[in-house]
Every structure is written in C-alpha cells, then in structure tokens.
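Here come two complexes built around subunit A, the first alongside subunit B, the second alongside subunit C.
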Partner chain A sequence: MNVYLGIDIGSVSSNFIMMNNQKEIIKNIYRRTLGNPVKAIQTGFTDLMDGCEEVTVKGVGTTGSGRHLAATLLGADVVKNEITAHAVAAAQFYPEVRTIIEIGGQDSKIIIMRDGIVHDFAMNTVCAAGTGSFLDQQASRLNMAIEDFGGQAVKSRQSVRIAGRCGVFAESDMIHKQQMGFPVEDIMMGLCEALVRNYLNNVAKGKKIEDLVVFQGGVAANEGLRAAFEKVLGQNLHIPPYYNVMGAIGAAILALEKSQGSRQNSRYKGCDYIMDGQFLSSSHECKGCPNLCEVVAIKRDQDILAYWGDRCKKWEGSLSQTEKANLQVV
Partner chain B sequence: MKVTFPHMGNMHVALKTVFKGLKIESVPPPPITKRTLELGVKYSPEFACMPMKINVGNFIEALELGADTIVMGGGWGPCRFGLYAQVEKDILKDLGFDFNMVILEAPDSKISELFKQLKSLGQNVSLLQALKTLKLAWNKLDAIEIVEKNLEYFLPRVIEKARADKLYQEAIESIDRADGKNQCYKAAFEAAKAMQELPTENQEPLKIGLVGEIYTILEPAANFEIIKLLGYMGVEVERSIYLTDWISAHLFGGYIKKTDHKSIIASAQPYLNYWVGGHGQETIGSTVGFARQKCDGVIQIAPLTCMPEIVAQAILPTVSVKEDIPCMTLWFDELSGTAGIQTRLEAFTDMIYRRKYRASNLKEA
Partner chain C sequence: MTRVGIPAGLFYHYYYPLWKTFFVDLGAEVISSSLTNRQTVEKGIAVALDEACFPIKVYFGHIQELNELGPDYLFLPRLVSVEARSYICPKFMGLPDMIKASLPDLPPIIDMVVDMSINSKGLEQEIKRVGNIFTTNEKAISQAFRHGREELCKYRQLMQTGFSSSEAIEIWEGQERLLTTSADLQLGVLGHGYSLYDRCISMNLIGHLREMGCRVKLVETCSQDEIEKAAASLPKRVFWTLGRKNVGAALHMASDDEIDGLVYLACFGCGPDSMIKEFIERRSNGKPFLGITIDEHTGEAGLLTRLEAFCDMLRRRRKIDFESNLPPYGQYACGSENSL
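This part shows the complex of A and B:
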C-alpha cells in the first residue's frame, strides 16, 4: 500500500499521521514533545511504523515549529507553515468552512477561509496567554490533570469574572477568587471565558467569525473552552474528529498533492535512516562577528545534516546545494 | 572634536561624507549587533520603542571608541522620537559619559535652519565647500538606493541569491569609499548590471508592498532583514519609504527630488484624513497606492508600542477589504528567534500566492 506521512512538531505535542492515497487516515499518533523534538520524532515515528511493514512511503510533509528539524531527520517533500497546513486539513473535512479557530500549545490562530482557501489569518503576537501552555500551567497549579480540566469547568453554574488580558493578571485574579472561597469549577469556567475574550480581542481583533466555524488544535479537547466559545459567539462550533492532529493531516495532504503533481521520487530517507542513526544536536557561539549567533548543528552519527541560527547564513550556506534542497520551503 | 550619530540603514555612508567635507572627524558607531541592542535594552526605559534602544546602544558603542559629540535628530509631534534626543542625553550623562550633544531639529522645509545648525558644528568651511559636500552626500544616498532597489528586484528572481546579496554588499562598500559623484554611480550601475546577468527563475515573483514606521523600514537590524527574508523566499518587496524621498520631502521642501509624498497623503483619504504623527497617514496612503498598483499584498512593520502605526493598524482592515488587498502587521521588539517572523511571512506569502492563483484560474474558466 502506498502511504503519505504528515508530521507536526509543535512546542507541546508531536503528531504523526499516515494516510492512504484516498486521503483516509490509517493511523494517527499524538504525543508530547517533552522538550526533546529529536527523541519525539524518533519514538513517534517508530510507533507510527509499528506493524506497518508492508507500506511504501510515497511522500512526507512536515509542519509546526519543528518542521525543519523533522524535514532534516526524515527527508520531507513538503515543509509547510502551520497556517496553510491547518487550513488544508479543515477544508478537507468541512469544504464549507469559513472560520478556523486553532489553539495550540504556544500559539493561537484565526484563519478566515473563502472558497476553500485562506483569505486572511492572524496569530497571537506578543503574548501566549490563552494558549494550551497557560491552561496546562493553571491545571497543574490546581493539582488537576489537564484532561479533566474541561469536564470540571462545565460543571460550573455561575462562572466568575477573571481578567483575561494577560496571563499574569489572570493568574493573580484566579488566586484572589480562590482565596475568597469561590468553587473551583466556577473559577475554571471563568478562566475559560477569559481566554475566549482574550482570543477574540488579541487574535481575532474584530475579524468576522462566520459560520461554519471549526475549532481545532489540542485545546479543542477542552469542553470548558468549547462551551465558553459557543456562549460568547452564539454560534455552533464544529470539532473535527482528529482535532488534535489537524496540522499533521494538512501536511500529509500537501505531500500527497505534491507527489501526484510531479514525477519525482519522494525525498523520504527510509525507516532505517531515522531508526538506526544516532541524532545529536550541538550548539556553539559563532565568533565571526559581534552578533555572536548561537549556531545549532544537527548530526547523524558523524555527518552534519543542518545548521540553524546564524543570521548571516554562513553556516547554513556551508552545506552543499543538494542538502539545502532538502530543506526547501514551499 | 569626534562626531558620532545613530545608524539607520545605509545612512552612515552619507553622514560620513558630510562630516568629512565639513572637516570634522567622525566616529560612526560599529554595525548594529546583539551587543548594541543589549546595551540599549539595559539602559533605556522599558516601554520605549526599539529604535530608541538601538540609538542608545549605538551611542554607547561609539563613545567607547572615542566619540565626544553626538549628532541626533529632534522633531515634534505625536511620535515620541522628538523626545528621544533629550532622553538619550540624560541617560548617557547619568552613565558618566562626557560628551556634547547637538540636536538637529527637523526644520520641515526651512533649509536655512539646517544650515545654521550644521554650521555651528563646522570648522571654517566655506559655503561653497559645504554645498559641494552636501551634494556628494546626496549622490551617495541616491546611488545606494539604486543598488537597494536593484537588490529588491533581482533577489527574488535570481537563482543564486547569495551572489546577488554579495554584489549588493560590495557596491555599498565601493560607494562608501568613493570620492566623487561619477564613482558612486559607476559602482551602482555596475552592480545593477552584474545582478541583471545572473540566471533567473522562470516564475514571476509575488510582489509585496512594505509600509510602516520609517526606522523599522530603513534599518535591517530593526526588522530581521525582512526584505532579504522575503527575497530569499522569492518575493519582491517595494518599500513605501526610501531615505532620499524622506529627506527631499522633509528637509528640502520637495525641491530637489520629485516625490509622490503629496499623492500618498491624498490616497489616505477617506480612510485617514488627519496627520496622526509619525508615518501613520503614509502607511494608509501607501497601502492604498500599492493596492491600486496591483501589488499582491502589503506588510506593515513597526516597533512594538508605536502609536502612529497602532492607529494605522486599526484602519488597515477596512482598507484591506475596500481596496481588495491582503494586509498583515508585524511588530518588532527585542527577540532573538526569527522562527515566529519566518512562519508568519511564509503563511502570508502562501496565502497571497493561493489567492492570486485562484483568481487567475477563475478568470480563465
């Protein structure tokens, strides 16, 4: 069977998708990056290929903030930003989609769709308040698994008002309300509503949220936030079945489309390449000029695969053209 | 007397010429690096914008090299820039530096004022000599812009982008060294010709208009070299502000170079009819201009907390819908990772590419 892989390496989660040429999802893996993307890619990939010895990989797409790293390790045909990947995936499940709300670990986005393509978008700029990481942090402060957060929050009958403009303010507001004796579910629901207001003011910034609205990203699992969005917007939200791996699905679809449009073979380096190699990253401060860039090198055993972080591209440029072609964006 | 000044793109080339002609020794600040910004951030008020932080870093580094006089622009109006020279003077004095500060108040069409201010610096230089110097400095700026515009045009088109980049660097260096008008233009046109001869990609690149705050547009260190980032991604950039246009419009009353400043301001109507300080009105006017020129998109850039650009940003969505042009705003502040900027630029480019492609498909069908 011919398959296409989509890999989304985000700040918090690393997601893997295997798709056949009918765009049907054969396997999906959602796991935490845990601060070590190289290991996350290796183990996630091993899990993905486990029991799938019969397949032939015809294309690989990567996305997320670790997309270049994943592309280097696996050999990718498409390296795409998260906006496009999420939009492509949402349009696949909901051709009529006009608004995509996507909240991930470190960033949140709004994507306005017209006729199946991105018409306008925005991402949070300076502050990560209102993203998954903040919810995570608050859940652990309340000594609660993040998976239970939403379920608890929707039990609330009267949410409390929490300031949502800034994560620090929100937290001190929550502590204040908690010490006054408000029930914990009311505070949690209040937080959800604060995050929704924050999202609408800081990210959506007056962009028209028209039906059909799709809510995706890891945070879409949170019932509390879903309820808060529906309450504030007065609109129905559609949660795709694979809401937490939509970026990876988008990357896989893009890889599939690319492979169908070209006669070139996939750049995929094969199972053995990633599973048998020892991948190491090392960094050093380049002393070439007073910028003192922190240059990162990714190595497989002794071979250097890629450099990152040099402003002048001196290190990046030192690799041969063919290797660079592997990292080509678009 | 050893004079220094703040950096703003390639402006130092012209300023060095001016001071040399006025027989004043100058000490240009070292190129802007991480250290420059670190110094600036450490000693500036937290809520000041990035241009001021870079200024402070520039001055400290130049004073360390032995400069004893700082020439800084002044100004007035709702943009905080007018106050910066005074604040910077206090900060540096508090740090214990011993120096003299000359503040050139923006004369806005009163060239005689500027002369007076410059003359107070000069050492027995005849008026003729001073005029000659200004003229050469102007030629250098003009030649630099020819090279810059050629880079903006050819970088997205050529296959070997690093080669074009290198030609640009070399041309700027030879213009910096040049003693006469002819040498300047020779260097510029040779670089342009060499870029033209480089092999190009088949596809016509997307074109984006760059609007926003002047310092962020002109100083690559303040915008993560956005023009080059886009160029390497195969996107042609046209700026709303070039240094010579600004100088001509604001210092010489528009007499030495024909600029379209007036028509830019006119284009801002009916979206923004008032001067809101800085380049807020120009941002709106230029966006309209780029839309009517059929650019594929507009990116607004500014330092975080820039008030005039905040006003403009609030108006851009309306312009974007009415003039049918995709717009995106990027705020810059101290941040070492370029990943966030890169992702947004890629996503924006992707979007306008697909929108354009879709539109042309519909027309054919």
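This part shows the complex of A and C:
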C-alpha cells in the first residue's frame, strides 16, 4: 500500500499521521514533545511504522515550529508553515469552513477561509496567554491532570470573572478567587471564559467569525473552552475527529498533492535511516563576526546533516549539495 | 584631525549622508558604529531604560561601541521636528539627555536641535553653532550643509528605486548592490525605517521576503505627493512625520492593484505604531494585511512562519481568482462572431 506521512512538531506535542492516497487516515499518533524533539521524532516515528511493514512511503510533509528538524531527520517533500497546513486539513473535512480557531501549545491563530483557501489569518503577537502551555501550567498548579481540566470546568454553574488580559495577572486573579473560597470548577470555567475573551480581543481582533466554525488544535480537547467559546460566540463549533493532529494531516495532504503532480521520487530517507542512526545536535557560537550567531549542527552518527542559525549562511553553505537539498523549503 | 562619531541607529537611516558630508566638508573625520549586531543589542539592553522601545535601546549599544573607538565628539542630534506642523516621536526630543544620564564618561556631545515645526530659522542657527566647533568660516559652513543636502537627495533617489536604507547607504559609500528581479508577488512593506531597514532589529524581514519571491515596495518608493494625498483622507491630520508617511504610503499602496498585500512591522511599546498599524489595517480597503510586532525576542521561527503563510495565502488566492475568471466551457463554447 502506498502511504503519505504527515509530521507536525510543535512546542508541546509532536504528531504523526499516515494516510493512504484516498486521504483516509490509517494511523495517527499524538505525543508530547517533552522538550526533546529529536527523540520525539524518533519514538513517534517508530510507533507510527510499528506493524506497518508492508507500506511504501510515497511522500512526507512536515509542519510546526520543528518542521525543518523533522525534514532533516526524515527527508521531506513538503515543509510547510502551520497556517497553511491547518487550513488545508480543515478544508478537507469541512469544505464549507469559513473560520478556523486553532489553539496550540504556544500559539493561537484565527484563519478566515473563503472557497476552501486562506483568505486572512492572524496569530497571537507577543503574548502567549490563552494557549495550551498556560492551561497546562494552571492545571498542574491546581494539582489536576490537563485531561480532566475541561470535564471539571463544565460542572461549574456560575463562572467566576477572571482577568484574561495577561497570563500572569490571570494567575494572581485565580489565586485571589481561590482564597476567597470560590469552588474550583467555577474558577476553572472562569479561566476558560477569560481565555476566550483574550483570544477574541488579541487574536481575532474584530475579524468576523462566520459559520461554519472549526475549532482544532490540542486545546480543542478541553470541553470547558469549547463551552466558553460557544457561549461567547453564540455559534456552534465543529470539532474535527482528528482535531489534535490536523497540522500533520494538512502536511500529509500537501505531500500527497505534490507527489501527484510530479514524477520525482520522494525524498523520504527510509525507516532504517531514522531508527538505526544516533542523532545528536550540538551548538556553538560562531565568532566570525559580531553577530555571534548561535549555530546548531544536527548530526547522524558522524555525518553532519544540517546547520541552522547562521545569518550569513556560511555554515549552511559548507554542506554539500545533497545535504543542502534536505534543507530546502518547499 | 577631529573625529566625529555617528551612531548607526535611529535617524542614521534617514540622514546619514547629510550628516557625514557636512562634517567631512568641515574637515572632520567621521566614524560610525558597525551595523546593528547581537553585541550592539546586548550592550544596549544592559544600560537602556526599560520603557524605551527596542530601536532606542539598541541605539545605546551603538553609542557604547563608538565610545570605545575614542572619538573627539559624539553627534547625537535632538530631533524635534523635520517639517512644518509635524513631529518626531517625543522620545527623540529627550534622547541626548537619556543617553547622558545613563552613560557617563562620554566624549563631548554635539547636541544639535532640529526643530522645523514653525520655520527653519532655529535650524540655521544650530548649523552655525555646530559648524563653529570646526571653523569660523560661515560661508564654508553653509556650503557644507548645502552639499550635505545634495548628497541626501542622491541617497533618497536610490531609495526610490526600492533599496532599503541600509542598502542605499552601502551604495552611497561606493559598494555595489543589485535588486532581485525575479518575483511573482509584490508587497508593500512599511514601518519605522530605523526598525524595518535595520537587518538585525527587523530580523531581516525585507531580505526574507525577497528570498520568498516578493518584490518589496517601501515608503520611500512612493512619491511625496502620493503619500500626502492618501494621508489626507484620514479625518484628522497625523502629526507624527513617520507615522503619516506610513499611513499615506500604505493607503496609496492599498489602492494600487499591482500590490498583492501589505506588511507592517511595528515595535512593541511604540506609541505611534499602536495607532498607525490599526489605521492601516482598518482602512486598507480589504487589501491583505500582515502585522508583525517585534521586541528583543531573537527567535526567527515565528517571523518566518507568518511571512511564509502570508505569501502562501496570496499565491493560493491568486490562483483561485485566476481560475474563476476563466470561461467555464472555453472560448468558443457559446459561439463566436463567425460561427454558432
């Protein structure tokens, strides 16, 4: 069977999907990056290919903030930004979609779609309040698994008003409300509503949220946030079945579309390449000029696969042509 | 020879050729700090006051670097206004004082007040006063200033062709630069020149866009008339010089069908930007708009994601527009003049 892989390496989670040429999802894996993307790619990939010895990989697409790293390790045909990837995936499941709300680990986005393509988008600027990491942090402060957060929050009957303008202020507001004796579920629901207000004021910023609205990204798992969005917007939210791996699905679709239009073989390096090699990254400060770029080198055993971070491209340029082809952004 | 140090930050990007010519003609040697780099940034952040915007903090770094070269004078102009009824951001008015307060042990400072909000009489006196440091020959002073203006004019002509100020200064000083010609997108890129054209502060925004296949139009590529005409459509006159140029240029570009989209680089903590960016976004006639806010953050990944996504969006949109304009059944499906 011919398959296409989509890999989304984000700040908090690393997602992998395998898709056939009918765009049907055969397998999906959602796991935490846990601060080590190289390891996350290796183990995630191992899990993905486990029991799928029969398949032939015809294309690989990567996305997320670690897309270049994933492309270097696996060999990718498409390296795409998260916005395009998420939009492509949402349009696949909901051709009528007009608004995509996507909240990930460290960023949140709104994507306005018209006729299946991105018409306008916005991302959070300098503030990450209201993203997955913040929820994570608050859940652990309340001594609760993040998975239970939403379920608890929807039990609330009267939410507490919490300032959502800034993550730090929200936290001190929550502590204050706890000390006043409000029940924990009301505080949690209050937090969800604060985050929604924050999203609408800082990210959506007056953009028209028209039906059909799709809510995706890891945070879409949170029932509390879903309820808060529906309450504030007065609209139904559609949560795609694979809401937490939509970026990866988008990357796989783009890889599929690319392979159909070209006769070139996939750049995929094969299972053995990833599973047998020891991948190491090292960094040093280049002293070539006062910019003092922090240059990162990715190595497989002794071979250098890629250099990143040099503004003048001196290090990147020192690689041979084939190695450079790995870095190409498509 | 007297050595005058000019920091390579802030209004360096707008007036360096004028300043340099003026001092050189008066017999001084001009030294400037190197273009902004990581060390400039770090040195600047360490001493600058917290409330200042990023480019001002960086300016402190430039001064420290210059100071190590041991100039006889530091040229720190006090820019209040460079044209009638308009002003430069108030932080520039107090800049020489901020610097004197934070950095002791500086060489004598040439603190020249530029205030043309009412007329240019005050400026003429200031030019004379500064010129007198080097010579008593008044004719030579006014001649040096006139020559400086001529050089400034040449420099601005370079920028009209689409070079950023950093590139135009390099060309003005005798280096060769070429503009890439292959591009399928045309973007209007706006922002305060001292952030936008500084490759380090803007994280090379313009360079990245060009690499992604965009031709970049800047404030300086629009004519003065076009800018003022478009800016006049606002209900109230914008009295910040740079803010008005940005709004005017943006609104002018928004009505230009050849421009695919607008990118605005704002600085976190910039008062005028917080207004101007909104103005542009709300009044740009539905022209695709991308706002980028920068601060001391050094990660380029976030910037690249946004730029890439913006270019992707414009390309995909154009493809759809093109396809929807094609006749569905080919040209002759309904019959032409000569056949049915």
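Side notes on the structure shown:
Keep this in mind: the second predicted complex is superposed on the first by the 330 of 330 C-alpha atoms of A that agree within 3 Å, B and C clash if a C-alpha of one lies under 4 Å from a C-alpha of the other, contacts with A are read in each partner's own complex, and residues count from 1 in each chain.
We take it that contacts are C-beta pairs under 8 Å (C-beta built on N, C-alpha and C of every residue); 3 or more make two chains touch, one makes a residue touch a chain.
Only a predicted model underlies this, so the values are computations on that prediction, with no experimental measurement involved.
For the composite obtained by superposing both complexes on subunit A, the positions of subunit B and subunit C are in clash. Of the two partner chains placed around the shared chain by superposition, subunit B and subunit C are both touched by A:Val118.
Once the two complexes are laid over each other on the shared chain, residue contacts for A:Gly35 go to neither subunit B nor subunit C. Look at A:Gly181: by the touch rule set out above, it reaches neither subunit B nor subunit C.
When the shared chain is aligned, subunit B and subunit C each come close enough to touch A:Thr84. In the superposition on chain A, A:Lys313 makes contact with subunit B only, while subunit C stays out of contact range. In the superposition on chain A, A:Pro241 makes contact with neither subunit B nor subunit C.
Overlap of the subunit B and subunit C contact sets on subunit A: residues 65, 80-84, 115, 117-121, 123, 125-126, 289-293, 311, 329. By the touch criterion given at the top, residues 34, 37-40, 200, 204, 268, 288, 291, 293, 295, 297, 301-302, 304-306, 308-310, 312-313, 316-317, 320 of subunit C touch subunit A in their complex. Subunit A makes touch with subunit C in their complex at residues 65, 80-84, 107, 115, 117-123, 125-126, 289-293, 311, 329.
Subunit B contributes residues 30-31, 33-35, 162, 225, 233-234, 304, 317, 320, 326, 331, 333, 336, 339, 343-344, 346-348, 350-351, 354-355, 358 to its touches with subunit A in the complex. If you check the complex, the residues on subunit A that touch subunit B are 65, 80-84, 115, 117-121, 123, 125-126, 205-207, 289-294, 311, 313, 317, 329-330.
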